[in-house]
Each structure stands twice: as C-alpha cells, then as structure tokens.
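The next part holds the structures, each set out as structure tokens.
Okay, so chain A shows up in both of these, paired with chain B first and chain C after.
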Partner chain A sequence: MTNNPHSSLHKSEAIRIPFYRNVKMINLLLQLLFFLIIGILAFWLLRNMFSGLAQQNLKIQFGFMTEEAGFSISEGIEFSSKNSYWKAFQVGAVNTLYVSVLGILLSTVLGTLIGVGRLSHNFLINTLSTAYVEIVRNIPLLVQLFAWYHVVYLALPGIRQSIPLPGSIHLSNRGAFFPWWEGTDTTRMWFGFIGLAILSGIGVLTIMKRKERRSGLPQSKILLPLLVFSGVSLLSIFALPQYPLHLSSPRLKGFNFQGGIHFSPEFMGLLTGLTIYTAAFIAEIVRAGILAVHKGQGEAAQALGLTPLQIFRRVVFPQALRVIFPPLANQYLNLTKNSSLALVIGFADLFQVSQTISNQSGNAIPIILLIMGSYLSLSLFISTIINWFNTKTEIVTR
Partner chain B sequence: MSSHTVSKNMMILWLRKNMFSSWRSALLSLGSLWLAYLILVPILVFVVHDANWEVIVDNIHLFAVGSYPADQLWRVFLNVVLLMGLIGGTVATQTTMGIKSASLFMLFTACALWIVIGGNGSDREGMNAINHYFLIAGLGLYLLGYTTTKKKAFSRAKVFGIGWLLYILLSLILLSGFTGNSFLPKVTNHLWGGLLLTLLVTVVGIAASFPFGIALALGRKSELPVIKLFCIGFIETIRGVPLITLLFMGQVLIPLFLPPALVVSNLVRVMIAVTLFAAAYMAEYIRGGLQALPIGQNEAAQALGLNRVQTNFLIILPQAIRAVIPALVGECIALFKDTSLVAIVGLLDLTGAAKAAIGQPNFIGLEAEVFMTIALVYWIFSYLMSIYSQNLERQLGVGIR
Partner chain C sequence: MTKNRLKLAASTLFTLVLILGASSVFAGKLDTVKRRGILHCGVNKMIPGFGFLTPSGQFEGFDVAFCKAIASTVFNDPTKVKYVPLSSAQRFTALQAGEIDVLSRNTTWTASRDGAVGLDFTVTTFYDGQGVLVKKDLGIQGISELAGATFCTISGTTTEKNITDYFAKRNVKFKLLTFEDADGMMSAFRANRCDAATSDRSTLLARQYAEKNPSIYVLMDQTISKEPLGPAVGSNDSQWRDVVVWTVYGMLAAEELGVTQKNLEAMKKNKDPVIQRLLGVTGTLGKGLGVDNHFVANIIKNVGNYGEVFERNLGMKSKFKMSRGLNALWTDGGLMYAPPFR
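Take a look at the complex of A and B:
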C-alpha cells in the first residue's frame, strides 16, 4: 500500500503548478500572443490597403481578365490584340515553360561537360573550365542578359547579310533561323508505326525480364529493347510511300527567311544567358558530386573486375547522382525563376506579359496574386519531385 | 647542358604530361586552344583597339555614386576610407590567409575602391589630388587595421561584428545628413546611385536579413504549431517566387499598405523587399546548421538548467551558425549580384547607371564597353567575397571530417 510508487506522484501533482510556470500554458499563451501581433499587423495593413483601394475605386477581382487585351504578343502561341487578358497570360506562361525547359536541357549538358572538365588532368581543359565557372558565376545574370541581348544578338548584321553557320543555321539581328522538320502526308501513319515500335520494345523488355527471373543471371536490359524500338521506327520510314518528315531549311526570300524554325533575338538572348549562367552552377554541382564518391568505391569495383564503363554506370554514377540531384533540381528551379528577367529584354514571358496586363488594366493586386500563384505552383511541383527522388534514393540505414 | 636547355626540357616534359599525355588529351588540348583563340582574340582586339572608353570616363561619377552632389563627395570618400580599415581588420582575422593572399586582397580592394573614389571624374578640378589623399589614407587604414588585429589586441569576432554594425549606421548617417545642417546637409536618397548604392543595398540587406533569418529559422524549428506554420509559409512563399516579383510587390503594395501620410522612398521599399528575400534564404541555411547539431547539445543545456532563450543564444545558435558561415557568405555574394535587379524598379545602381549611360545620345552603340566595365566591377567584388569565403571554409574546417 505505502510502497505503491504512484502514490507519491499523485501527491506531487496535487500541488498545483501556477499557470505562469506551466509549460503547456506558456506555449499556448506565446502562440496566442504571436497570433495577435501578426493578426493586428495584418489587419492594420489590409485596412489601409482596402481604404486606399476604395478611394481609387478599385476592387480585387479577376473579372477584368476576360476583357479584350488590346496589345499583341509576337512570341509563342498565336495571339492578337483582340484576345482576352487570360489568353495573354496563358501565352506568357507557355513561353516561360518553353524557355525554361530548353534552358534546363542545354544547361545540364553544358554544365556536365564543364564540371567533368574541371576534374580533367588536361591542363588546358581544366584551366578553361575553371575560368568559365569563376567568370560566369561572379557576374550578375541581369548584366549577362543585357550583354547577350544588346551586345551580341542585336549587334548581328541585318537579315540580308545574315551569318551562315554550318547546318544551314542563319544568325541575324532578327534572330536565329534553324532548319526544322515539317510533317508530310504520311506523318500520321509514321506516328502509328512509332507506337508499334514502343509496344514491341516493351514486349522485348518483358520477355527479357521473365528470362532473367528464370535464369537468375542479371543482364543489361536497355540495349536490345532500344535496338528493337529504333529498328522498327526507322525501317517503317522506308515502308511508307513518302518520307514522313521533311527537313526544311531556312531560305532567304525577299526580306525574310522562309521555312525552318525561327527564334527571336529576345528568345535567343534569354536562352543563351540562362544557359550559360546556370551551367556554371551545374558544373560545380557535378564536380562536387563526382568528388563526393569515395575513391575506394571505384577501386573496389575495379578489383571485382568491372570494366571502366561498368564502374561509371553501376558504381560511381548512381552514388554521385544521389549527391547531385537535389542541388541540381534547385538550379532548375532557379533557372525557371530567373527566366522572369525576360522582362528587361522584352521577351514575352509570364512575368513580362503580366506586367503589361497590370499596366494596361490597372489591376495590380490580382496580377501579383496570379504571378505568385504561378511561380509558387512551379516551385511546389519541382520540390515535390526533389522529395520523391530523395525518399527513393535514400540510403537505407537502421 | 646549360640551365636554359634544362628548363626547356622541363617545359616539354610538363607539356607532355599535362596537355599531350595521350592522343585524346592532345586532341582536346588543341580543340580547347582553338576555342580559347576564337573567344579571347576578338575580345582582346576589342578592348585594346576598337573600344571607345570615353563613355566610362565621362560617366565615372554616375557609375560610382549616381547623382550624389559633387561638393559633398568627401562624405562618400570618408566612408570608403573607414570601410578599408574595417576590411583590413576583418581580413586579418583569417588565420589561414597568408600575407600573400592578404596583400592580394588589399590590392583588389584598393582597385575596387579606387573606382568609387574616382567618382568625381571631371566634375571639379583639384578634387583629384584630394582623392589620392583619400586613397592613401584608405590603404594606410587597411594596413593599420590588419596589423593591430594581427597582434590579437582584443577579442576579434565580437569587435568586428559590432564594428560592422556601427559602420553601417554611421555610413547611413554620413551619407544622408540632416536637413538644415550646414556641415552635413541633407542628401535625399534618390540622389544616391552607382556602385555606392549597389554596395549599400547589399550591406543593409545582409545586416537586416541576418537577425530576421535567425528568427525565422528558430521559428521553423519551433514546437509551437502557430509559429512554425507561419514561418514555413513565409519562407516557402518567398523562396518560391523570383526576387523581381517581390521588388514589384514592394513598389505596389508597400504604398498601399501604409497610411497615405506615411511616404516611403523607392530605396526603402527596395531595401524592405531585398531584406525579406534574403531573410528567407538565410533562414534555410541556418536551419541546415540547426539540423546538423546533435540533439545532445540541447539536452545538455537543459540539464545544466539553462532556459529556452539561454539555450538558443548561448549553445545552439553559435554552433549552428558557425557550421553554415560559408553558405551564408555564399548567400551574401548572391545577394550582391541580385541587387542588380533594383535597376528594373528604377533605382540608379551600378546596372541602372549602365542603362542610363547607354541611353545618352552622344554614346549610342557603346553597350559593349559599358556592360564590360560593370561586369568587371561586379566580378571583382564577387570574386573577393568568394576568396574570403573559401578561406573561412578552410579556417572553420567545415566539410573536413
């Protein structure tokens, strides 16, 4: 009875702790205080805002977005001044995605090359890569964009004296003209064949997987399905009565180029600037990622008799990727956000178009909300991918 | 064999080892040599021969200090001189920085500051000589700061923390002055510009965002759900949008949020936006440091009877921040570069000055010269900071396990 260990506890609980020393109470009060301060501040700011807006006869609503835009956009999806503000916003958003995706692809390639170059034993390659990184990442992107646009792309010769580059690419102060494929009558049929090729590739893959499971011998499952896929899709070209794609090269006709694909100097300036700038950061990430893989890993793989290619593909690369991917995805996010600097060189991206809408309609606050919403959802999307990747590649520990 | 041929042989050996070790390496070497030739030669020819640097010389005042009145320039110069002393002392706290790097640092700093000091340009005769006195005084103060700190006369970290804060306050007072004062007449901040403004926005942004970032980081790690949610929302919202959005929000919303009687200048609005932006990033870095800290530190502090505030400020934060100092310096470099965006909302910082200069009718078509110059200026400052940060990293031993 008396040696019941709980009895003394009950006794001490009976002595009531004053509320100002009770941790739970303090926490609750602290939060309440914080909430009150923030609330009062927000209330004051918003009240000022609404009274100010009322004086200017403005309301926060999105109805104006369906009105006629009254300005035109030459970039991206076809858009005329008769279309609505909503449509303009969409055009800007698509342009942002377009330049971001291209920039991400190009900067990854360039950044990886330079990152590997920084690890090279070749003195010249090493020095040049280091110089590239140290010069590019220490100059503001804005200055670089200005320079690419004003000093490089706008300073190119006029359309009639355009600079031809190998592969019938033409550069002039009206932008870059690249050759591009155009569909013909048989394109649709060919797409059908490509679908067939994908199916047969998957078929081969499943057969190989089943075989692997039965025999227990691991083997590379990439090469053969890929071979089957490309074989079917390429051979089908010859089965068709006409080539499914026709390469159209830009040709000077009168005052402009016909055929091919055209990129405006604004687009080229933005893409070049973003690519060059982000590649410098990606190079550092790639370098750090490769250096982070312990030397012993490669040596151990060598001792096990793996070929150099196998060592890179099976041992070094997967481990480096674990280090590389999160900051790399962050750089992709940065590139996407940095594409908003398109404003300064007049490329019609999400931000620039929104800015125009804001000036045109006088509805600044709804536009700010829209811009923030768009960029936030992009960020959320990319960080979801990062988290998914992290959980997937996490080292399993105790 | 003469020493000449030996060194020649050494060179050939070196070349063979570092550039032509295999046919692939040789091919790469030749390829990159060709690439370097293609890029560097036109630039060199342009810089030496084709460029018209008059646009820089004529606008040096604009690039350095914007529209700061010429007869009040001594205030800027005095600021610069004090700054050099402070930098000298701070560099001396870097024990891993040898005397060679320190002098290199001084040279670079002097170069950078000479650009600011050159700010009177053709405005007033006789000022040039005074400028040189200022430059010499700056170098002297740098050395003084360096040597006295090297002698370990005082607890260094604290002194320099306080020193930098005092300097920021002093320089703001010195630059803006007082209305009606004959010695320090008021210079309204829309006249500030050029490199001066760039540095000012950076320094104020760093100083103001640091405590704010600490508070946000602690809030995000807090057990109190209301505070935690607020901090997460704040940090993620700001990190999710481009800085330029925040700058425009500052332009549009701050005047709306405040009562009509309270008018804030463009510079202040920009500084608020930059501070909020930098704080969110600082908070994430500091949070990284907090997470890296073993939980035992917290428990040990509690066992010793420290309360929450004491635990955070005496035990947790000093260790957490120390672990992420290199990342924080990296953030400072990023902030310095990001200040170029203030030109978009109409401030006349270094980039804004460049835009103004190429818009002048007598300097049409000189964009290359202007952008090259400001790129060089930005580069010098960023590179200095990155050297400093690499040194810090070595000194703190972060990353070496």
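Take a look at the complex of A and C:
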C-alpha cells in the first residue's frame, strides 16, 4: 500500500470529488440517459403507431385468421378455398421451407464444386469458375429470377408440344413432369421394415466399432452397415403380398398432365435462381476457407506420406470448415430470405400468400407481424443448426 | 466538457418531450392537403386507359383524370398532384398509412373493404365486371368449358375470390396463378403459362389492345361478377370524403346539364339557376364543402366533365373504343346519377 504512488490521494480525503466529475458516476449517468432516450423513443414510436391505428379504426388481432380463405393457391400441400387463412399461411410457409431447404442443399454442392474449381491448376476449370462467380454475383438476384422464369422456363414449348425426355419426363412451359412412386396398401408395412433395416444397420455399425477399438486396426465402417440396411429394406419388398410402391407416369389429360410429380416453372425458376446466385457466394467462402489453412499443414501431411486426397479430406478440409461455417450460415439465411422474391414470378411462397391474405382480409399489420415472426423463427432455426455444426468442428481445447 | 455533454443531453430530452406533445394533434385531411400544397394520389401504372405511366414519364388515364379533378377542386390546379404508383397488394396499406390522400386505382367497392379494411369508398366512377381473356386458337365458347384450366390473375384483388367462387359453385377444379401486377400476369399468359387471364373486363380490354397482336386474343362475353370501381379515401374523415364525392358528382352533373370544357365560359352566363349554382355563380355550395365556391367550374376548365373524361381515355376518342354501357348517364339508360346541387 505504501508503495502505491496514488496512496497520497487517498490520504487527503479533504478533497471531495463532485459527482459530475467522478468518472464512474458520469459513465453511469450517461448510460442511464442513453437507456432513457432509447426508451422514450420506443415509447413515442409505439404510441404513434397505436394512435394512428386507432384513428383508422384498426386493431392488431389475429381472430380473422380462422375465417374461410375463399381463394385458391397454385401449388403446395392440399388446400381448398373452404380452408382458413391459417391453412393458407401454412401452405405458403411449407412452400418457402421446401424451396429454401432444396436451395441450401443444391447451392452448397454447386458452390463447393466451383470454389474448389477456382483453386484448380487446370486453366479451363479455373477460368470457368472465376467467370461464373464474377458474372453471377454482380447481377441482381431479381433480374436473374426474371430471366430464369420468363426467358428460360416460360420459353419452353406449350403443354401440347411438350418435350418428352427419356424416363417419361415431360418438359413444357407448364413445368417438368416426372414419374413418381405412389403408395399402395402395403406402404405402411414396408416403412416398418425400413425401420427394422435402419436398426440392423446401426447394430452392425456398433459391433464393428467395438471390434475396431479392441483390435486397434482402422477399417472402413460404411460399406457393411449400408449393405445390411439396403439388403433388409429391398428384400422385404418381396416378402410383402403387394409391391409397396407403384410408379405413376404423367399423361396428358384435358388441359394438363395427370399423375407423376410436377414442378411448376415458378418453383423451378425460383429454385434455379436462388441456387445459382447463392452458389457464387458460397464458392468464394469455400475458396477463402481452403486458402486460410496454412500451407505448412498440407506440407506436413505430405511429409507423413498421405495421398493428396487424404491430405484434402483429413487435414485441409476439416480445418477449412472452421473458417467456412460462420459465413456459410449467413448465405443460408440470405437464401431463405431472398426466397420472398418469389412474389415477382408468381410462386406461392410465404410472402406471396401472406400478401393475398392481407388484401383479402384487410389486416395488413397483423399479417406483417406474422411474416416477420415467421422469417425470424426460420432464420433462427437455420442458425441454430449451423451453430451446432460449427461447435462440432471447433478446435477442442482443454 | 462534461457540463456541455450534460447540457446537450438535457436539451435532447427536452426536444423529445416537445415532439411527444406535438404528435397528438389531429388535423383533417383537407387541411393537411391544403397546407401541403399538393395532392398525393395512388394510381395504377400498368393499365392503359385507366392508369398508365407513359414512356415520357407522364401519368394518364381515366383514374388519373379524377386525381386531376380533385386537385382542381382543392387548388384549382390539375398539376398539383404527386402520383404514387401502387400494386394491388400495396394500395390499401398505403391509404391506411396516410401515404396517399386518395386511391384512384380501379378499386372495387366491396363490403369487407369498406368495413374491415378501414377505407371509405366515395362514388362509383366505372361499373365493371370480371371477364376472361383467352387465345382465339383455343376455340372456347364459354367460361365453363375452361374446367381444369390454369388461370392467371393479379394478386390481392377481388378476382381471385370471384373465379374461385365461380368454379366452386360448379364443383370444378381449376388452377389459379397469381402475379403481383398486370405485366406479370400478361407475360405469363402470353407465354401460354396459363390458358386464360382473368381480371376486370376493362383491364383485360386495355391490356389486349396494348398487346402486339390484339386479334389473336378474345375477351369472352360472359361476366362473372359485379365490379363497381371508384376512388377510396381513409376511414372516418367525412369532410375529405365529401370533397372527393362532390368532385365526381360535379363532373356528372356538368355532363347532365351540358356543361363542357368548350362552352364553360358561355354557360357561366346561363340563366338556368341550377347551372348557376353548380358553377358557383350563385350560392355557397363550394364554401360549404370547404373549397373554392367555383370548384366545379375549375374542374370543367382543367379536366372536363365525366363524359369528356370517359371519351378521351376509354371511349371513341381513344384506341379502346369502349361504349358507355352501364356508365352512361341515367338519362341515357345508364347508372350514372348525381344527387342535386342545391
């Protein structure tokens, strides 16, 4: 204490610091003031909103959502005009989820390929990948969506002149029609067998793991469990009295194709646009991630005698993932939110259906709140999944 | 230094309190518009004849003429209008939020919009009905033959419900594809994405004539709904609503009494007391509404009477060659009828 050069200050207690010159006090007061201003501002904005709503005789309530919708939706889960607005909202939400999940999967695959391609020593692959990234990410997504929808998919021939592709696939400006399996009476039984197959696959895997731990010899643990799984699930088909699935091919009937599975041009336009656009950004993230791994890591692995593929799979890529994951999550969120541009090409996503509900029911503000809430929870859901993956790839420290 | 900071904070707080106090004062729309000096009018920009943004950046059309007429009523100047182009889906929110003073954008008057949506409709300026546009080569005679077909329409309109009701009543399946605006609907229809386009007949007719080759399309004779179109204003402001209502009625009354842009000056000297009151030569009708006593004369001078506006934008003087039909004056067997100016 006596060595403290400031101790002389403490001794002379006669000098009292006024509160407005006390740094601690000033900081506290300023923070209080800041909170007060924010609070007043928020209160003022909210009060303004509520008084504005009252002037217009509008209320924030959601009771109308149970009323009959009365309009139709072009695609998605089963919906009739007799269903409620809630049901319509769900149809839109499911469509958004559907296109987002598919878009995330496809853009990740495409983006990774192009990102790796940009690092390739092959001149053609390298140039093409660079050109892809530079062209795609510099054109607004909205323009690209218009182009995919109006210039590509709607330019396909009409339904009666549809292009037949091998495997009973039909391509026209009404969309792509694929053959698809339809369930029969024994489908449920077969699902039971598939459950059994999964269990036996896991069983085999556990036995192999135990064996590996005992012997200490590393071995591939993918082939045998997969073989057991597919063997059980396929053989069970023949054990059933009737095939559990039935392949239905699309046939032209009246104004449209019947049977099979159908992807509308709106859906394809949106999915293609989102995938192509987001892949360009993902490619850059992947490239940056791989470049971020120190060169010495690869060289060290090489010195240990690992093959180039092993080096990439075991040494470089796992470390690159740590850099890749956080910005990748941003791109997934962007893709999900960008899917609301579906409005301009007529795809019945969450936003488009909500707009219709808002106009038919006249409740703009509750609907806007619902839209915001839905995108927020969707985004938080995606971030949670990515964060979980992220923590798994982080360096384990003790 | 710190003292100054505290002073700054205190004055900020004081300003905030002032704003808080001031925000609760409510003024009527008419006063707001007068003080602002310009009318905010919500219009369409994609339907030639009704509301259309020309390549030179001008708004023109039947609905736009009513914006000009209202501006003439309030300011005696048809150019004091700020046009706000809106999509079907945006229009009501824009009105509720006060972004526009009046919505003159081929909007159907319905009970739910008048009630739950929180707007007030004024007068029907155009009696319309929902129609169906198909390509001639489809060889369809009636709408009922379109069972199972795909229809393109505009999102956030009465047409979505009408067509759903029409086929639900007949227990027939169909597909409805909604687009944000008329351009989206037409380009999908043109590309054969859908078998038919459905909207108000006036919209379809206008869009048909805007196509490169109008003769390959046919607007079916059947009408599946009633679509009375007219300007709408925000709820609970009867003074402002009156201004819009009597602007339209003034144009109708002028047509009925034979007052036109050409003979306006002569008509001002007309002995007929009805005409004198209408044009504000005698009486205080305009003052009672809170606007210039000569407001009808101003509208006629700047925009013309109802018949003139119709002919110029939609009728024989336009490329659409629409007949008046239900939109003729009651004296000619139509539905257009203005209450008396007295």
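Criterion: the second predicted complex is superposed on the first by the 348 of 398 C-alpha atoms of A that agree within 3 Å, B and C clash if a C-alpha of one lies under 4 Å from a C-alpha of the other, contacts with A are read in each partner's own complex, and residues count from 1 in each chain.
In this section, a contact is a pair of C-beta atoms (placed from the backbone, for glycine too) under 8 Å apart; a residue touches a chain by one contact, two chains touch by 3 or more.
None of these values were measured; they are calculated from a predicted model.
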Counting only touches as set out at the top, which of chain B and chain C does A:N48 meet: first, second, both, neither? both
Quick check for you: in the superposed arrangement, does A:F35 touch first (chain B), second (chain C), both or neither? first
Between chain B and chain C, whom does A:G362 touch in the aligned arrangement: first, second, both, or neither? second
In the overlay, answer first, second, both or neither for which of chain B and chain C A:F351 touches. first
Which holds for A:G70: it touches chain B only (first), chain C only (second), both, or neither? second
A:L217 in the overlay: touching chain B, chain C, both, or neither? Say first, second, both or neither. neither
In the superposed arrangement, which partner chain does A:L309 touch: chain B (first), chain C (second), both, or neither? neither
Have a look at where A:R21 lands relative to chain B and chain C in the superposition and call it first, second, both or neither. second
Once chain A of both complexes is superposed, is A:N256 in touch with chain B (first), chain C (second), both, or neither? second
Doubly contacted residues of chain A, that is, touched by chain B and again by chain C: 30, 48, 52, 150, 155, 343-344, 355, 364
Chain B - residues contacting chain A, complex: 18-19, 21, 25, 28-29, 32-33, 35-36, 223-227, 230, 236-237, 239-242, 244-245, 248-249, 252-253, 256-260, 333, 337-338, 340-341, 343-344, 351, 354-355, 358, 367-368, 371-372, 374-375, 378-379, 382-383, 386
Could you please specify the touching residues of chain A with respect to chain B in the complex? 27, 30-31, 34-35, 38, 45-46, 48-49, 52-53, 120-125, 128, 134-135, 137-144, 146-147, 150-151, 155, 337-338, 340-341, 343-344, 351, 355, 364-365, 368, 371-372, 375-376, 378-380
Given the complex with chain C, which residues does chain A contribute to the contact? 20-21, 26, 29-30, 33, 36-37, 40-41, 44, 47-48, 51-52, 55-58, 64, 70-74, 81-82, 150, 154-155, 158-159, 173-174, 254-256, 265-266, 343-346, 348, 352, 355-356, 358-364
Which positions of chain C touch chain A when the two form their complex? 2-3, 5-6, 9, 12-13, 16, 19-20, 23-24, 26, 88-89, 92-93, 96-98, 112-113, 116-118, 146-150, 152, 155-157, 160-161, 164-165, 168, 174-180, 184, 187-188, 191-193, 195, 234-236
